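Several structures are given next for inspection.
Below are two complexes that have chain A in common, paired first with chain B and then with chain C.
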Partner chain A sequence: MFIHIFTYRLKCLLRDYEGIFWTMLFPLILATLFNMGFSNLNSAEMFNPINIAVVNNESYRQNQSFKQTLEKVSTGDDRLFNLSVVSREEADEMLKDNHIDGYIIAEQPIKLVVSRSGIKQNIIKSFIDNYMHTFSAISNILEKDPGKLQSLINDIESKVKYSKEVSVTNAEPDNVLIYFYTLIAMACFYGGFLGMGEVSDVQANIKPVAARINTAPVHKLKTFFYSSAASIIIHLTEMLILLAYLVFALKIDFGTKTSYVLLTTFIGSIAGFSFGAFISAIVKKYEGFKVAVIVSVTMLCCFLAGMMYQDMKYIVATKVPILSYLNPVNLLTDAFYALYYYDTLTRFFTNIVILTGFIIVFCSGTYLIIRRQKYASL
Partner chain B sequence: MQVFKLCIKVINKNKYLLLVYVVIFLVISFTLSLTAVREMETSTSFKPAKTEIALINEENTPLINGFRAELAKVATFVDIPDETEALQDALYFRQVSCIIRIPQGFTEKFMNGENVQLGKISIPNSIRNVYIDLCIDKYFNTARLYVQNMNGITQQELVQYLKKDLYDTTSVEMIAKGEKTSVTNLNYFFNLFAYPMLSIIILGMSTLMLIFNDKDLKMRNSCSPISSTNISMQFVLGNLTFTFVSWLIMVLSCLLLNFKSIFDFNTVFLVISSFVFAFCCSGISFLIGNLVKSKDAITAVNNVVTLGMCFISGVFVPQEAIGSSVLKIASFMPTYWYVKANNTIAKLTRFTLDTVKPVLYDFLIIIAFGLAFFSVSLAIRKKYRSYT
Partner chain C sequence: MVVKVKDLVKRYRDILALDHLSFSINEGEVFGLLGPNGSGKTTAINCILSLLKYDRGEIWIFGQPMRPDAYDIKRNIGIVMQNIAVYNELTAYQNIDYFCGLYVKDKNQRKKLVNEAIEFVGLGEFTKFYPRKLSGGLLRRLNIACGIAHKPKLIILDEPTVAVDPQSRNKILEGILELNKQGATIIYTSHYMDEVEQICSRILIIDKGREIATGTKDELKAMISLGEKITVESYSITEKQISAIKKLPGITSVDYKNNALIIKSGKGTNNLETVLDFIRKENIHFGRIYSEMPTLNDVFLEITGKELRD
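Right, the complex of A and B next:
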């Protein structure tokens, strides 16, 4: 009996193109779009040498120490600036055409010309400030002890770096990833459509097919379990395809704990399926209405988990922490995030345990509602 | 005008479904405009850029207090509990651009001329990181000069010297370019506008077309004494009316939320731009309505078309942040030209024929797209009709 129901259900589901579209193709398309749209998002905050110019006048040529300092920070791989030495008119022109972010006039005192106050302009200013402050310090010291000149020159030469990167994790804080993690979570919960379908198909008051199934001499729960198995298999495969697409084609970083990532996807898929089944069982309306409930609940959860605006996840977690534990989509997203970003597994397991709790609630809820349903007339 | 009247009737019946989109759009744009980062400045004076950092201070000495005061010039301090996960989260979600930890015994070692370093967790290679680094190194390198060259200098003396040294800053001259904050916000608003506009028009129109394309209804209509061209034209008219009304509702509510800048020239141009785009949306919806056969397929096609177009042409993410190869693909879509036109408009400060020209070209391209969609749809209608 199992094989019969299972194979026919599998065939039915595979021929439901609309279902396949929403549970598999749509997440794949969305992932591609995310990848196209967000690929350069991180590079906006990355540092690239700032384009500046210095006016090539008499005072610049004579001010050897400034000239040398400026040239020093404009060479090498970790240089601060891309420097061009030009006339004042050229510099003005370059600034207007946005070829440079500012230009320096090396008179006494040194002046900076910019067209807006952004972080790049502030870096240029900070550099000149630094030069001026060192100069001021030197004259203070020489005033007290003129004999220190040589040792001062040596000290200036040897700039010390006063901060050290103490990374707590190997993973980079690449914040585009959250979008992809919420996407998997969303795809998992779109599995709810399959769950919904399974429940609707045994509710004789919703669908004519269900009425026919109800008249068959097979235990209802058995039919439900057997065909659910087909749905779950399909959804799991779809999720694995999505995961493979993300990892191998789009090169999304999931960290190193591959087996846990697979476990999370598996649990997410079951959670999504049982969520749909549960909604379908408690909402006693026609199918379109059930779909609307599933889509809106999933979308709301996705929004709170940061799919449309990722800071939302942080806002919820810091302002209303209880909500981030009550939102299954967030739990799933957070599980992927914790696997990628933390070295410890505490937070990951907290998420997984609560998610499993949700699955138990959804499943037992569904069972209690749909068991022993009888129809006076079919 | 029977066909036209029927169009209006059908749309009227579905208005609540379409209004949902308007409401969602307004709520989202309103939230975003409240939280939007206002980086653009309105004044002409130079302002220090500030970045959020977390400073975990395990010491309280004059040197460190002086450092903190110096850091405050370039950074805003954010309070975050000193727990690994909380700190990591804050960094990941860019609540802080770096976390600096001043270890116990730092001052003492520094004053003895030993080699010491602050611990820092940051986003590697980020521009804000470079900025903070410059500030840290500036303070301590200057301090080092004193420590190494003035024997027996006390912390108090050192801090006094540093305060005086670091007081002077470079004079900065600003050449005014005059970007306006309000316009930047409105620019974002109108860019985002492309998404709900497309969705509403596609959904509305396709619902309408589905009813008309019903086989029995179609056969009955084709034996009516109205010519098929006439029917098509009335349809186009109905389509345009619907587009115009949806556009009007959205633009009005959009302007109401940004009433401060209604009288700007830039705003006027943005409104025109959205109108031109609405015309193009109308063409797209007409085409989709003619191609799609079932109600379920409409939702699917609508989602793929609108999300696809909006994602890669810079409606959600700024065009500068999208890779050049993606933008090349996007330039085959009207949304790309619409966003491009909006961005150009927002940057305009003078309105002469010369400065406005690129915008007008963009408009022409969008209109051409619209006309192309309409003509393709009409051709398809004609072809299908000859089959039935």
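Right, the complex of A and C next:
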């Protein structure tokens, strides 16, 4: 009987093109769009050298220490400035045409000319201030005690840091990943459509075909479990395809713990399926209404997990932390991120254990509701 | 006795859907459950099938109390729902095979039964068609095949001919009689009295969940006073002529509306010739004139005071 119901259910699901679209193609399309939209997000946060000019006058040419300092910070891959040495007129022209963010006149004192204020202008100003303070300190010390020149140079060269930056992980923080992780979580919870379908198919008060199944000499929960096995296999396959697409085609980094990533996907798929089944069991309305509830709840959970606005995840975590643990989409997203970012598994397992708790609640609730064998009305 | 229903009461909040309904069905009968829409036919069927909770009463099938987990009983029941109950993603053949497979485990036996069911309902050319590609009539036939493929002893057909073309309808009705000939007991619900008259060996008329009358169609017709109904289609009959017709021997009532004169007479009388003589004598112009024997609608009308068609 298992093989009979299971194989026919597989056929039904594979021919349900609308269902396949929402549970597999839609997340794939969304992942592609995310990839196109977010590809420049990380590079936008990288520091780009600031375009500046220095006026090539007599003072600049004679001020060797400033000249060398400026040239030093304007060379190499991690340079601070893209430096142009030009005449005053050329510098004015370049500033006017926005080719540079400011220009320096190396007079006494050093002058900075900018056309507007902003971060880049502040950086240039900080650099000049820092240079002038250091230059002034050295000049003062030399005037008072020239014998301390060497120890001063040693002090400047060996700046002591009194705090140490210790990373909790070897992984680089990556803001874009959250979007893809919530996308996987969303796809997991779109498996709710399959769960909903399985429950509807054995509820005689919802579908005529369910009434026929209820009159057959097979316990309806048996039919439900056998059909559900087919649905879960289909959804897991869809999730693995999505995962493979993200990893191999879009090169999304899931860290190195592959087996745990697969475990999370499996648990996410079961959680989504059981969530849909539970909603279908408790909502005593027609299928369209159930679909609306599943989509609304899933999208709200995705929003709170940071799918549409990444900072939302942190706003929720700081303002209403309990909501982070009550949102299954967030738990799933966080489990993926914990696998990527943290070296330890404590946070990952916390998420997985709570998610498993949700699965138990959803499954128990569904069982208690659909086990009844007669209906008050059809 | 195949089915016994005793004192069945079902309420939907304040509405009494089944009001102490009792009936029994013997082996080999084609039992008709006739009543207007909303009379409680489908509710009664759903209670018999243990799909619906009921407030009071007892139901036995094949001599055993019917319960949701009475799988031995269910194995011998075939159900054809009022609504089409098939999977749109499976072909006609696969649908029949799937539902038959819930009753019959043996693959070879199932294959034989499925092919027989396909032949029986005349879907041979459409086995690879998906339900959405089938016409309304063919879809109804598929619905029937899914319900009867496992060769049940008791077949329940709940309004199987709703929205069906005449050709498919005849095919369905012939099929039901054939199933009965093969040994199946049939419960047939409908609000089409002509269908029920045509195929049912015994009929239960219900209204508002209550039994109105039970019996063969002749027994039911014998319950009422009407013997013959003559209809004269004419637009030129005067009040004086109507009064004169009323005085003819054996006439029990005369009604003239919408250019149709309806003359009813009591049992054992035949007034067609008398009426024709009167019309000729009075030189009344008429379109058609015809005589009818009482129908189940007349039975329903006389007992409840309203038309069954309503």
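Criterion: the second predicted complex is superposed on the first by the 351 of 378 C-alpha atoms of A that agree within 3 Å, B and C clash if a C-alpha of one lies under 4 Å from a C-alpha of the other, contacts with A are read in each partner's own complex, and residues count from 1 in each chain.
What we mean here is this: a residue touches a chain if its C-beta (ideal position, glycine included) is under 8 Å from a C-beta of that chain, and two chains touch if they have at least 3 such contacts.
Because the structure is a prediction, the values reported are computed rather than measured.
After superposition onto chain A, the modelled positions of chain B and chain C are compatible, with room for both.
Between the C-alpha centres of chain B and chain C, as seen from that of chain A in the superposed arrangement, lies an angle of 90 degrees, given as a multiple of 10. Contacts of A:357 after superposition: neither chain B nor chain C is touched. When the two complexes are overlaid on their common chain A, residue A:218 makes contact with chain C while staying clear of chain B. Touch criterion met: A:311 reaches chain B, while chain C stays clear of it. Measured by the number of chain A residues touched, the leading partner among chain B and chain C is B. Within the superposed three-chain model, A:145 lies in touch with chain B and out of touch with chain C [touch as defined at top].
By the touch criterion defined above, A:321 lies against neither chain B nor chain C after alignment on the C-alpha atoms of chain A.
Of the two partner chains, chain B is the only one touched by A:129; chain C is not. Remark: least CA distance from chain B to chain C after fitting both complexes onto chain A is 14 Å.
On chain A, the surface touched by chain B in one complex and the surface touched by chain C in the other have no residue in common.
Those residues of chain A lying in contact with chain B across their complex are 18, 21-22, 26, 29-30, 33-34, 36-41, 43-47, 80, 92, 95-96, 109-123, 125-130, 132-134, 136-138, 140-141, 144-145, 148, 151-152, 155-156, 159-169, 172-173, 175, 308-311, 313-314, 317, 337, 341-342, 347.
On chain C, the positions that touch chain A within their shared complex are 12, 42, 46, 49-53, 68-69, 71-72, 74-75, 77, 79, 81, 83-87, 89-90, 94, 98-99, 101-103, 105, 146-147. By the touch criterion given at the top, residues 1, 4-5, 8, 11-13, 15-16, 204, 207-209, 211-219, 223, 373-378 of chain A touch chain C in their complex. Residues 28, 31-32, 35, 39-41, 45-49, 51, 74, 84-85, 87-95, 100-101, 115-131, 133-142, 144-146, 148-150, 161, 164-166, 168-177, 179, 296-297, 300, 303-304, 307-308, 311-312, 316-317, 320-323, 326 of chain B touch chain A in their complex.
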